[in-house]
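When the chains are written out, they are named A, B, C, D and E in that same order, and each has its own residue count from 1.
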Amino acid sequence: MGAYILRRLIWTPILLLIVGLVTFLLNFYGPGDPVQIIMQQYQDPAVVERVREQRGLDKPVLVQYGIYIGNALRGNLGESFKYRGQTVASLIGKRVWVSSQLGLAALILSIVLGIPLGMLAARWQGRWQDTSIISGALLFYSMPVFITAPFLLMLFVLWLGILPSHGWGGLFDLRVVMPALILGLPGIAFIARMSRNSIVEVLSQDYVRTARAKGLHELRVYWHHVLRNAMIPVFTVIGLSLATLVSGAIVTETYFGIPGIGRLALDAFFARDYPIITALSLMIAAAYVLANLIVDIGYRFIDPRIRYD
Amino acid sequence: MKAKTVLTILMALMLLLVGCAKQPPAGGGELVRLGDEPSTLDPHLTSDVDSAVIVVEVFGGLVTLDTNLKVVPDLAEKWSISSDRKTYTFTLRRDAKFHNGKAVTANDVKWSLERAADPKTLSTTVDTYLGDIVGVRAKLAGESQEVSGVRVIDDRTIEITIDAPKTYFLAKLTYPTAFVLDRDNVEASTEWFKQPNGTGPFKLKEYLPGELIILERFPDYHLGPARLDTVKFFLGGGTPMVMYENDEIQITGVGLADLDRVRDPSSPLSKELHTATPGFQTSYLGMNVSRPPFDDIKVRQALSYAINKDVVASTVLAGRVKPAYTILPPGFPGYSADLTGLRYDPEKARKLLAESKYGADPARLPRITLTVPGALGTAVGLDLEAILAMWRDNLGIQVDVQQVEFATFLRDLDARRLQMYAIAWVADYPDPQNFLDLLFHSQSINNQTGYSNPEVDRLLEAARTEPDETARFQLYRQAEQIILEDAPWVLLWHPGEGYVLIKPEVKNYLLLPIVVPRYRFVYLEK
Amino acid sequence: MAGVLLQVNDLKTHFYIAEATIKAVDGVSFDIGRAETVALVGESGSGKSVTALSIMRLVPYSGKVVGGQVLFNGEDLLHISEKMMRTIRGRHIGMVFQEPMTSLNPVMRIGTQIAETLKVRLGMDEKAARQRVIELLRMVGIRDAEQRYRDYPHQFSGGMRQRGMVAMALSCSPEILIADEPTTALDVTTQAQILDMMTALARQMGTSVLLITHNLGIVARYADRINIMYGGKLVESGTSEEVFHHPKHPYTLKLLQCVPRIDRKRGQLSTT
Amino acid sequence: MDNNLIEIKNLKMYFPVVSGALLPRKGSEIKAVDDVSFNIRRGETFGLVGESGSGKTTLGMCLLQLYRPTAGEVLFQQTDLCKLRGKELRQVRRHIQAIFQDPYGSLNPRMNAADIISEPLNIHHLTPRREYSKRVEEMLSLVGLDPAMAHRYPHEFSAGERQRIGIARALTVGPEFIVCDEPVSSLDVCVQAQIIHLLEDLQSRLNLTYLFIAHDLAVVGSTSNHVAVMYRGRLVELGTRDHIFDNPLHPYTRALLSAVPVPDPTIEKERQRMAVTVDVAEAFSQPGGCSFRSHCAEAADTCREATPVMEMKEPEHWIACWRS
Amino acid sequence: MRSFEEEKKKRPARGRSLWIYAGQRFMRNKKGMVCLAIILLLYGAGIFAPLVAPYGYDQQNLGQALKAPGWEHPFGTDRLGRDVFSRVIFGIRTTVIVTVAAMAAGGLVLGIAMGLISGYFGRFIDSVIMRVGEVFLAFPDILLVILIAATLKPRVTEWVRGLEGTVGIEGIVRSGFVDYMVVFGALAIVSWVGMARVVRGQVLSLKESQYVMAARALGASHWRIIFRHIFPNILPPIIVLVSVGMGSIAGSEVILSWLGLGVQPPVPSLGVMIWDNGDISILRTTPYLLLFPVGTVAIIIFAFNLLGDALNDALNPKIR
């Protein structure tokens, strides 16, 4: 186990280095020039050259990358091109936190609603309740945010008038309800479906028959024998979705005026704001690696059969 | 040039003297509205509207513009111009203060101008706005430490020398690049602009990037303090109409889809609807005159004659724009109402096309691709779709549309790779030169259509040095006339009246086409 | 034979798969006396396992007991409530399944799984249950029972898992132990140990055993009486001497002839 | 010993257990087959018995070169198969074939019987394509199946029929030697008997040589001429069928035999069991010495100190035990 | 439950492959059949859009703008007076093109190929492929799509347009096929990993199966083993994944339109129609502009997902 984690931890920086390099190369060789975008119509070649030189953009790409990594190791992620004068860390830091909280709220919502729905569907496996739960979940899964967001706004803000329409106040603020609901809906559907299939699978296992042959009450059979086994694959999915938390939800954040990372990321991409792009892609990659590690370690606790060595 | 979606450049500052006559009534409180994230709050780096909106409230310069686009004093109380029209001597106001109470001196002005011209500052606008000052280019090139054209006479007097007599120089000084900063404040930290010490009517009380900006009244403002206590800008975005109707914000623009509903007299919202003066902007479809079929002037003219802009503007866009028949927007210096442009005439269009070297058969016409910038959502508006349909119906020409992400678009535009492209030009400063010379002179780097007419070049060059304004404008009028006839552009729209909803308690909120420090006049009436 | 403990009368269990009805158990009758070992023998698909599951009312989803009686102490198990049935399962009828690898919950400790029945069915507290489980583990021949109590199934070998299953099945000293192919998946030496241990314990507790197997060798060694099944029906019943030495049904005869025996040589196998 | 078709010399098959944090390095190894030697004569059935984990299937895989052995030689007609590569190996495969245990898993469920049986012809280009169907019919009749069933799929056959198709597939290329890896262990007894009978019949008709791998002593006893007993990767006893079954010398062989029940209540109730105290899989990690010693009633100090080697105790009867 | 040999013998099973059985099971699945019918209906309508749609997609009538649904215009008209029903039908045609282009772009093929190679050959190749895959998984794909697709797309379309001009055909670019090919081609570079992992897992277990062992013992080449023995047996899970994947591709078109990466106006796509009208103001004033396209997309995603479920039941039956 320790060796496994160590191996993963050694692989992580290598992976991050590669991801960073790929991003850098894409930035460098991809079309579009951040200076040009900053300059808009002031395309004075002398000015462009001056800014490029000051920003170190005229150096060979590998040198630029080396400098970037060197600075990053010292905790300096550089300065944004578009948001001039602002450090990348100050731009990203708080927004990641907001996006993560929102993602977490959505995740919790989808777990809290998804798993019980899946259990109910599995309980009535093959009957109309099963079909309607799973179809209903799927229907919401199929709804783009472009319709759920306006609809919720109409319902909660304009008709019922019980929720504010925008802004962010943390996990324990009313304003989290709508965006979390919208982000959570596909998750609810996905987790419900997955739990349902997993539970159905586990129900046909021999040890469930053993548990019943022991004369256990059906509830106890579910709670002690079915659920924990059935949740192993569900856990993987939930664990891996942790990685997506930090990347934010562009459309939803825009609809509800949430100061999250999604919109910043998109704007940065379009403005070729390399320092932000690179920092974000490194952050997302790191989150992915971390989520994987959490899943792997978590497995060890859920499923005693797994051993890494 | 630049798309509507991407942020435009600050044009001018306006000083409005409205309300100065009366004593300010009570009416403090907080004004809440949506805002866009500023790229920067450093005036010397400011080059976009979103930044300028905040910057002009917090900072100020020697001069600014009034409602008639006349340059009026700000930190300077008066100035004199030497007889060779190259040297300007400014006298500073006695009561001009920074937010921390320190008086503004001539040394502050000099230091600020030199900071803007310092290559380390990385200002992208300094060449354009301060490049006329003697010594600025030398400092930018690293050849000198000081700007020789800026001289401190005494604490309250400063002298600025420019390289040649230029009538528009004072107007350029109204731009944030020329704003005055406090040296101690700037040198305190790299992110000093998050606690700026400006000279504007408002202090920056709080700035949470991506979330909000709160401005607070500066009680000692030299032109008379603001009445509002604070102004709050939400930067995170949201759904404006809902926010407005839910009383979360007090001002919002009205979109096309809501316009009918809001304009309906039975709607209570109709009483809160105001119209804004159009901005100085022209949107158009540029044609690369070296690429077939646009190498034939008749094809270009035919395309212009074949579209009924009046119908599109009034129905599809619900009157939110005005059809453009001239390059210069109405009300712009040098605008002449007697230029008619190419008006809708399908018969003439068909005839011109038939006369062109490609003939009347659209199948023989080289294929036309219209490139449209912008990434998020459809950059291709309904107006363009309507125009495409008119070309198809009136001329039988099927134009393909290609939507291209902005960075790539910009590069292709500069490389003159684009056959036909949609874009808009917003004036940087109120002078016809900013439109006509920049965009149509054959040697201009901004001439992306490749349009070249020796007669036009001659007129434009003559206008550059013509000291008499009337004569200059006459030269520009002649040039514009020729350009309109040569039709390198399919002119589309000038912005029409913008519709804005303002809560009834908000008073004296001025709807202006340009960025000005406007919040100091606003008051709330409970 | 000290009276009949379990009597199965004309049991019928059908499966409904894809519009076809499969009569897995088709009119089976037999009985088990107290402290007796009765074997149910048949090839795969003969319906012997379904019979056992029908007795326990654990027939899977697609199957259904459609007729007959299962009299346990005179009471028909097919007609009591599910709640009553739960008190029978584990407490009065224990069961050992074929696959030791999959029949134990992989994420639950062995000790916890065995203790579960004691706590639920006998109402023992944690401590008493634990004591009893350790005792049971020792009885079924697991060394270091205190440590092994905390092990997970995957830490046990196949034979040990089956010992654990036996401990679980016998934990409440049931009147009947149904052993469904308990050693098929195990090596021959392990098989002998487990069966010896299991029957010895059953005898000690006075528990009757319903031994379900396809292995005639095992039957010969452990069963008092034998029921041979074929195609869902009983074809022959009798004491083991009767069945082995004087088989009446041709199927029984064939079965006996097919079995390879270590005491016979190459080429002595019958293939009729 | 010209009569030997197969000679196995000091065969070893170790599987590395990968470990290490930085770079995967070889830690311990699992010695699945450890220094095994024996010969198989032309035309005989050589039985290999052992319990699960004894390495008997690995040995069969090594023989087939499906695993490449760590060390040792597998001589087939004096050619060392372990040294063959690529095309040469492919050609030899024609002569050495295999029958597998699981009648459900050994046939590709997406191919019908004719495809399965004709595939070897296709691989080795033995017959023109137009003769495939004739050949398939021949093979089906040979293994006692109705040629009309050629276009059925595996799931449409019974377990016994599937095993016959597996045999037909092995025979299509005309092999001399067949590794039968537990060919009947998952079949019902009567089907088992039929398949064994078929194998014996084919052996005499086609002059085949079998390596018969099984865990069921009774099956091995009823089919083999020579029998080898394997325990934890090593051979412990090797001899003729009668030697092993009537006069077992190794304590493990004896324990094994005594554990097999005889389907006769009269005999069975008189038989004595040899006590095997500990569960087999439990005492896995004791290095050196006789691996059976912890289960052996006769174990002594020598058994702990050195690994016993095979010694001939009587003609054609070898055993690896210090105590006999 | 073991299978019942006796019963089986009575069945008239004569040379019917597992595919046919799966087909029969699928036909009995009402849910699956309904979904298949819906998909066929919608796809049929999309493919034959010019015949099905009552109006052209760009047929404007400014005098008939913003008419609520009625007899003449079942889904109403938009601000340019175009028939929304016809535009939805043509939008479905774009969805058909999107799904076909996504398949043609090869993310699927790449994933399967990588999974097969990785799982089958194992060892070093496996480690390399899986490591590379991890980098791609960790890489934010939207970045790649924007940087590659957004910038490459104009070049590619320009090139194809030139090609169209020389060959004398028209409409390939206009249909959006090229756009989507480029976008999904870029996506393929990152998205193969998921499929590769599924395939690899399947291959790893099949590799040890006895019929693969038997084929190896027969001297079958690697390619024969991969394509005759392994590939057909990993198809069922792939088919299920593809069905569900088609749904998400149809859904992703909305996001692609939002990023400006889809078909170019005036050719409609459901995504463009949703994005253009995905606004609360539209929902309050002219909801039909939004609801009909959204409903259509939802039905397509929904049907593909349920179809996937049904295919799964049919192809990977488990005895309950």
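Rule of thumb we're sticking to: contacts are C-beta pairs under 8 Å (C-beta built on N, C-alpha and C of every residue); 3 or more make two chains touch, one makes a residue touch a chain.
Computed from a predicted structure; not experimentally measured.
Comparing each chain's Cα centroid with the centroid of every protein Cα atom identifies chain A as the most central. For the pairs C-D and A-E, the larger set of C-beta contacts lies at C-D. Each chain gets a centre from the mean of its Cα atoms; for chain A and chain D, those two points are 53 Å apart. Centre to centre, using the average C-alpha position, chain B and chain E are separated by 45 Å.
One finds 48 Å separating the Cα centroids of chain D and chain E. Touching two or more other chains at once are residues 44, 60-61 of chain C. Residue numbers of chain D whose C-beta contacts span two or more other chains: none are found. Across the assembly, chain E contributes 5, 146, 151, 258, 275, 279-280, 282, 284, 320 as residues in contact with two or more other chains. Of all residues in chain B, only 1-2, 6, 9, 34, 37, 39-42, 45, 47-48, 119-120, 122, 124-125, 127-128, 140, 190-191, 193, 208-211, 234-239, 242-243, 245-246, 248, 375-376, 405-408, 410-411, 414, 428, 445-446 touch chain A in the complex they form. Those residues of chain A that touch chain C in the complex are listed here as 125, 204-207, 209-217, 220, 224-225, 228-229, 232, 302-305.
Put simply, chain B touches chain E in their complex at residues 239, 241-242, 255-258, 260-261, 311, 315-316, 366-367, 369, 371, 374-380, 382, 384-386, 388-389, 392, 400-405, 407-408, 412.
By the touch criterion given at the top, residues 11, 15, 18-19, 22-23, 26-27, 30-32, 131, 134-135, 138-139, 141-144, 146-147, 149-151, 153-154, 158, 201, 204, 247, 251, 265-266, 269-270, 277, 280-281, 284-285, 288-289 of chain A touch chain E in their complex. Those residues of chain E that touch chain D in the complex are listed here as 5, 8-9, 13-19, 21, 209-211, 213-221, 224, 228-229, 232-233.
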